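Quick one: the structure is below, and I'll ask about it shortly.
The first chain written gets the first letter, and so on, giving A, B, C and D; residue counts start at 1 in each chain.
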């Protein structure tokens, strides 16, 4: 049994740059013929972000490989527009015994009402029980899963006993616009125009994706962060 | 603890008829002004389906309310184009102790390779172990979930121990074209042009949705079934 | 030859109400079983709009029939997410001689730069020339079109001479979320959070669609208008 | 005045290979960890295409720059799912005097009924009149356009007189799945499973895009062409 507290995110492949955004935007006002490749892009990208002209950001592509628990994948896959997915299948392969358990310091209590939760650290007792119970149930469930497989029960039936903290893996492909929309909902930042209350575990995925955006499209990222973190 | 072996599907609301399809198609050749409301629709719908003119089928809307286990919801939500969802949240509400357990007669073995599985009934022993293990793990997991909640652990943390056979509920809205695409992948029929190997449990959902399509749009349904069950 | 200065918009069919939005949102926190049908909806809809929870607005459907010039249809069809279209075809039917000409009072001059145009009324001379030239070119083009058809030239070839102010007609189906996104870009209002600079003619279409939203979903519309006219 | 009979298509940028498809598909059965990079891909891609497993083809990206007449762009932009666009704007820039005129040999007559047209070469007289009329109307319209601009009429008003054979330019970004769907409808081939009746001019665009798919993803292309040219 393998218990992990991290999310794995890898940018497998991308075709995305600030220049691509500016070139797509300029086709509407200048045309592509005779486009001066040395024109500055930063001001234009800021303007597009501020006034919410989103389509120029779509001519880009990011493919991520992600390993995360099922309860995170379930939130992730709710993002439909501009996203493509392929995921590990519990029908087609035997799932590995890798389960998520919260790290020390993961807030365990929430106060307030849905949509406006505040999070508090757990007590020592809470931390012990959470960690112990998750490990115990995960282990029992996986042993049961293996026993059913050994009895030649179909994988798609045996997996019904597995808890939602088991890790799954998937490819996710998006463009810069759909990525920013994801980040606007799955990260929590003080400078955001709209409140968002992501669960900690999907935020751990989103933070890594945000770093990749920042590195590949620094001007786009800076404009996104400056203008309220709202996808254009 | 409540163990169920059925899926619940209710057509909450719809705006969909064969006439709508024909009217949308005829705008391209006749126009809408002076459209004769008594023109026959069956031949036109057959032609559209056969030659895969899909867009006229999109001017329709179905809203379903579904109760199904998480592992079914996960397959369901992979359908993105033309679908909208709202689902019960394990972060915002306490989940009820309702779990799926296969009914007698649900094949428990699969032979062959991924993408071409064949299913066989289980042995008596397999049936006993599957039923017993699923009930046992579900019960232990739910008791643990409740204990964590009683300890004031956040719902979003406590739910990590719950298995994927716990029931969830959601609204799903689609149009006739996206519905037929769903049916082409999530039902298994001898008269289909392309093989599909849906898991039994999502097929139980799809079969009920197919009945609703048949009732609300009989000509569309007949054409779909006749022309290989491929969405146009 | 028929010259018109109006857009025709008809809400052909819809399945949309404020109650639908609230019911879809409440499945996440309350569930659908035992949902009290008399719960108030206005506060919830305001909260969803303000904090940009968009998905509950998608379980609704509007089908519009529109008659507008080609240059308007071209802008309209750029809206892809959540929209379906069927349009009159210049390949399949003979187009009728109906052309758009600006009404008196349509601003004819623009000053400033792209993305921030300001509009001014035209001079008397400008108004005369615009009206005269549009009528003259439309008439010549249509006569040429007819002559080519009389010579048994294919419709799809003959139509190449027709100007973009000729009327076309189409069905457009959307949900309340995609409709609000359209309105946020295709209307110009002082209370909007983001500037938009729609061309007058598509705004004439959007204004009529806005009235239909207001009538069918008054609470949703009020919240949209109150919270900066940004689609959630 | 510039009259052209060609379409311009350039693959500006892409991130797409047969390997990407196979890797995305294998995450479901093998997982990505320990994926043998030397596994063959051709058989798997053939299987995916034949049985219509479409999602693995979506983790790819193609950005095309296209110059084509407005009547072609209008058909092109009807493709919504998996497509992103940015187009030259007649509101924001002065359009150049470049117009489409059919080349010698472009069939000018069609017989049969909509959806099943057959095309015939034109007579000498038809060819003369078509060519002459298109040049004449295009020239008159453009001169009128320029005159209106010289009178300080807004570009968005002046352009109303321009015919649909004037060239526009745009960026179009898609993935391999949406590209194949486009090709299935916008090319005409004897080995296709479903009939399609594209207008010649959009087929000229599609043929160039097909060459790019063939070059960048030869196994995917071969499988598409072999299995009835239906997008999976």
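The criterion applied here is as follows: a residue touches a chain if its C-beta (ideal position, glycine included) is under 8 Å from a C-beta of that chain, and two chains touch if they have at least 3 such contacts.
Every value quoted in this text rests on a predicted model; they were computed, and no experiment measured them.
**Q** For the interfaces A-D and A-C, which has the higher count of C-beta pairs in contact?
**A** It is A-D, judged by the count of C-beta pairs in contact.
**Q** Need the CA-centroid distance for the pair chain A / chain D, whole Å please.
**A** Centre separation, chain A to chain D: 33 Å.
**Q** Could you give the separation in Å between the centres of chain A and chain C, each centre being the mean of its C-alpha atoms?
**A** It comes to 34 Å between the two C-alpha centres.
**Q** If I count partner chains per residue in chain C, which residues reach a count of at least 2?
**A** Residue numbers touching two or more other chains: 28-29, 55, 78, 81, 85, 89, 92-93, 114-115.
**Q** Indicate which of the five shapes (line, ring, star, complete, other) describes how the chains touch one another.
**A** Complete.
**Q** Looking at the complex, which residues from chain A come into contact with chain B?
**A** Interface residues on chain A, with respect to chain B: 69-71, 73-74, 77-78, 80-81, 83, 85, 87, 89-93, 100, 102, 106-110, 114-115, 117, 119, 122, 125-126, 129-130, 133-134, 136-138, 140-141, 144, 147-148, 151-165, 199.
**Q** Can you list the residues on chain B that touch chain D in the complex?
**A** 28-29, 47, 51-52, 55, 78, 81, 114-115, 194-195
**Q** Which of the residues in chain B come into contact with chain C in the complex?
**A** Against chain C, chain B makes touches at 13-15, 20, 23-25, 27-33, 55-56, 58-61, 63, 65, 84-89, 92-93, 96, 169-171, 173, 175.
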